[in-house]
Amino acid sequence: MQYKPRMKTASFWFLTGSLFLFPVLFLIVKSFTLPWRYQADFHMHFTLRGWSTLLSENQLISATFISLLIGAVVVLLNLIIGLSAGKALAFYQFKGKSIMDTLFLLPLIFPLLAIAMGVHIAMIRLGLADSWIGVVLIHLVPTIPYSIKILRNGYVSLGSAMLEQSTSLGANVRSRFLTIELPLLKPALRSTIFLTFVISLSQYVITAIIGGGNVVTLAMVYFPFLQSASSTVLAAFSIWFALVPILFYLIVEIILCFLPYQSPWRIKT
Amino acid sequence: MRLSETNKAWLLLLPAFLFLLLPLYGLLSALWSSLTVNGAFSLSVYQQLMERDAFWGSLFYSLRIAIIATLLSLGFGLVFTRTFTHYLNKTSGKLAAWIPMLFPHFVWGYLVLLLFQQSGFISYMAFQIGIIESREAFPILTNDKNGFGMIITYMGKEIPFVILMLLPIYAQQNSQYHDLVRTLGGNRWHRFKDAEWPWVYPVLLETGVILFSFIFSAYEIPYLLGATFPEMISILTYDWFYAGDWSERPLAFAAMIFTSVIIGIIAWIGFSLMNRKRWLLTKGSR
Amino acid sequence: MKKSGLVGFIVFIFLLSACSQGQSQQSNPNDLSWDEIKQQADGTTVNIHMWGGDEGINQYMDEWVAPRLKEQYNITLERVPMDTQNILQKLQSEKQAGKKDGTIDIVWVNGENFKNAKENGLLYGPFRDQLPNFNDYYDQDSLAFQYDFGTPTEGYEAPWGKVQFVFQYDSNKISNPPKSFDELQSWINENPGKFTYPNPDDFSGNAFLRQLLYATVDDPKEIIEEPFSNEYATKKAEPMWEYLRTIKPDLWRNGEHYPASLTELDRLYSQGDVWMTMGYNEARAEHLIEQGVFPESTRSFVMEPGSLGNTHFLAIPFNSSNKSGAMAAINFLLSPDAQYKKLEPTYWGDNTPISVDKLPEEQQKKFESLDRGETVLSTERLENSFLPEADSGYVEWIKENWKDEIIRNQ
């Protein structure tokens, strides 16, 4: 592991830089310049137009807050469902487990639009349509499969012996969960939270159908602009859209610090 | 009251079952619409579907693109994670590698378009330096029949996801296994095969199934970066779904159900293989 | 923890869902006088759901319409960005589930969407003839208001604007734009790779083909006046497919890939990959130039035998909880002031369906002297080339057949 660490550092940053960071920088530059033309001499025209269009959008701030709140509830429910189901799938052997696995994948295979359409009628009858609860519930569909898989893998790599040991030492279920499982699952928790929030944030069609326009999330404001021919406006909106999960991530990191037995910002190895 | 082991498992799975009602309800109502013609049970919609050449063409094309994009993402993601575990464990490295996940697929696709199309940034730079004489000399990499543009977009978006799935394993990797293999005289390949692969393989398989399902059925990227022909199955079903007076909806539902069942069966076989392996792993503690 | 969390969650959902029920129904505005309607609308909120992808349109609604509607009718206007397809989908599900107190009060529709909505009983009406502004300033007998892509409107929608299909070109690169489809064909032949049209699954691409269909039959009337049938369309469309097959090798990318949307074509045009674009709004270039997307040398043109035009409308969903408010708001949107502001290039630049000669003299002058911008053809030129839309059956028929005729079997 220790050979040529400098080379390795350089190649890591070169790869992430060119594959992941460069496109984002490119997007930022795009948001401040008029569309470029293919011509002999290179021109970039600076403009604030993209950002002023973004900020003049009436519903931007309220939509961002609604997205944060809905995302937070979606993440919470994901953790409850994901932790319990993940544990069951990791530690217990029972018949039909592979079928369960397949069923949990179903929401990813079957088009969301069709699921939302069917569920919509049921939700209207239950009075859940056009409300944020309905939107939260439908956002569970594309997110739960991921959280179950990630948290299950988290439990698998924990190994059941560790848990059995603590039980035999007399820890009850509750304290075992809080003091052993949660802290050790931190990498998996972090992934789950991040991923489910991002997925929830970018749901457009199902939010539109179930929320019925009563629940204006950021995606509702942002997606119509994807049809804009102006790369400037599109870029500015996209950057704003990407800042929201970062904000959420920071909030979550602060909360994660309060988990027992953990020094902040570090993963136990 | 003491619960038996199996009952405990079912209790833990209860919230997930409740959740499953949502997609299952959606699936069943779609199944219902595809099986009823004028209020009576009929398979005629499926018959119609089987007779459409466009359906089969799109199905095989989608399979090809989804398999290639999935395998490439898994391969690159695995190599990247195991080479750079140390860096990815740090907050800065993690954030850098996860950045593409902040953007919806559509935006990443749009970026690929801005960079790779014939009048895009790369072509333009090549033109400025003098490598190519005109934009027409730049190869067609977006909206192309081979799906290069789609595949590169999915790789950009999914490699970070593969890293996200694999990182916990590598982060918690027990170095004793490595040392054991090393003391027994294993070379690097043996270390990988005996000390890593058994843990990595189930997660990799599972991630692969997730990616494959997603890429196979996603609509946005093919809309932005796909060729007019051949088209991905999602584009075809979407067109049927929204066609004029909604009269082709049953056909769209039938196509969705049919393809979902195929992917479902493939996934089930994959999971069956994996579960057996993984069970042995959890019990044998590390 | 998990068990109690779950129970709590279920209780929580039912509590909250109980709160979202309710809201009383208004009496049917059909039986009311306009004054009573206005009175009922006073102090209410009207939700207009409309496509939200154009900043000009959004700002027109938010910055100009909303404050004035509040001032004049004491109505709060809430604009909700949503695609028409999704709106209709939502209404259809609500119809199936029997939901009476809907959340949408006004929708913006035309063509296929209107036909769909009307045939599935998703619209409230008739209401148009109760609107004072429609009665005072619009031509009651105009065919453009009685039919929408061949579907009788029967008072279920009120005309909000009208647009014509025009082509845009870069005057720095092309000095004489083609005057007919024949000239276009020779231009494409001489300038290979510089023209393409959007896939007919796209609204604008489909309009391009309908326009071509008019041009390749002996007389556009054959398409406009005859009722639609598959056989008739198949018979009449052969020269159109022939034309498309002829130009195909000289199109952008040799006609092997077509832009999936007008946006894609606009981007190609803006980067100079192709030298022409097109669209269903004669003033669209104004904004795109201002945004720096189109080059400033962009101009527009129409070709023989003419340019397709259509009217777009406002309608009220069957389950709107505030039909009176919706009617008052629509009446305001049809008013001369609102129409004038909409026509100005500042926000939107959308043409008005109003009959200018029915306006007071002062306003007539205002409308007539308005400068819509350099890229917009003269009113006279546009009116002379106007061709109405044929039956909406052609839209779907073209979508279904284009791929087989042009792409797959070649």
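Letters are used for the chains, namely A, B and C, taken in the order the chains are written, and counting of residues starts over at 1 for each.
Operating definition for what follows: a residue touches a chain if its C-beta (ideal position, glycine included) is under 8 Å from a C-beta of that chain, and two chains touch if they have at least 3 such contacts.
Computed from a predicted structure; not experimentally measured.
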Practice task
Name the shape of the chain contact graph, picking from line, ring, star, complete and other.
Solution key: complete
Exercise for the section: Select the chain at the greatest separation from chain A, using centres from the mean of Cα atoms. Expected result: C
Handout entry: Chain centre separation in whole Å, for chain C relative to chain A (CA means)
Key = 35
Handout entry: Where chain A and chain B are represented by their mean Cα positions, the distance between them in whole Å
Key = 16
Exercise for the section: List, in ascending order, every residue of chain B touching at least 2 other chains. Expected result: 12, 14-15, 119, 135
Problem - Residues of chain A touching at least two other chains - result: 36, 38, 80, 84, 117, 121, 137, 226, 231
Fill in the blank from the handout: Residue numbers in chain C touching two or more further chains are 2, 6, 261, 271-273
Problem - In the complex with chain B, residue positions of chain C that touch it - result: 2-3, 6, 85, 92, 112, 115-116, 119, 193, 199, 201, 253, 256-258, 260-261, 268, 271-273, 392, 395-396, 399, 403, 407-408
Problem - chain A residues within the chain C interface of the complex - result: 34-39, 45, 47, 49, 53, 56-58, 77, 80, 83-84, 117, 120-121, 124-131, 133, 137, 174, 177, 205, 208-209, 212-214, 216, 220-221, 224-233
Completion exercise
Seen from chain C, its contact residues with chain A in the complex are 1-2, 5-6, 9, 13, 16-18, 20-21, 47, 49, 51-55, 58-59, 62, 79-83, 86-87, 89-90, 93-94, 96-97, 99, 103-104, 261, 263, 266-267, 270-273, 288, 291-293, 295
Fill in the blank from the handout: Per the touch rule above, chain A residues touching chain B in the complex are 1, 8-9, 12-13, 15-17, 19-21, 23-24, 26-27, 30, 36, 38, 42, 80-81, 84-85, 87-94, 97-111, 113-119, 121-122, 137-138, 140-141, 144-146, 148-150, 153-154, 156-162, 187-188, 191, 194-195, 198, 202, 226, 231, 234, 238, 241-242, 245-246, 265, 267, 269
Practice task
Over in the complex, which chain B residues touch chain A? Could you list them?
Solution key: 5-6, 8-10, 12-16, 19-20, 22-30, 80, 83-84, 86-87, 89, 91, 93, 96-108, 110-111, 114-115, 119, 121, 123-124, 127-128, 135, 156, 159-161, 164-165, 167-169, 171-172, 199, 202-203, 206-207, 209-210, 213-214, 216-217, 219, 234, 237, 241, 252-253, 256-257, 259-260, 263-264, 267-268, 271-272, 275, 278-279, 281-283, 285-286
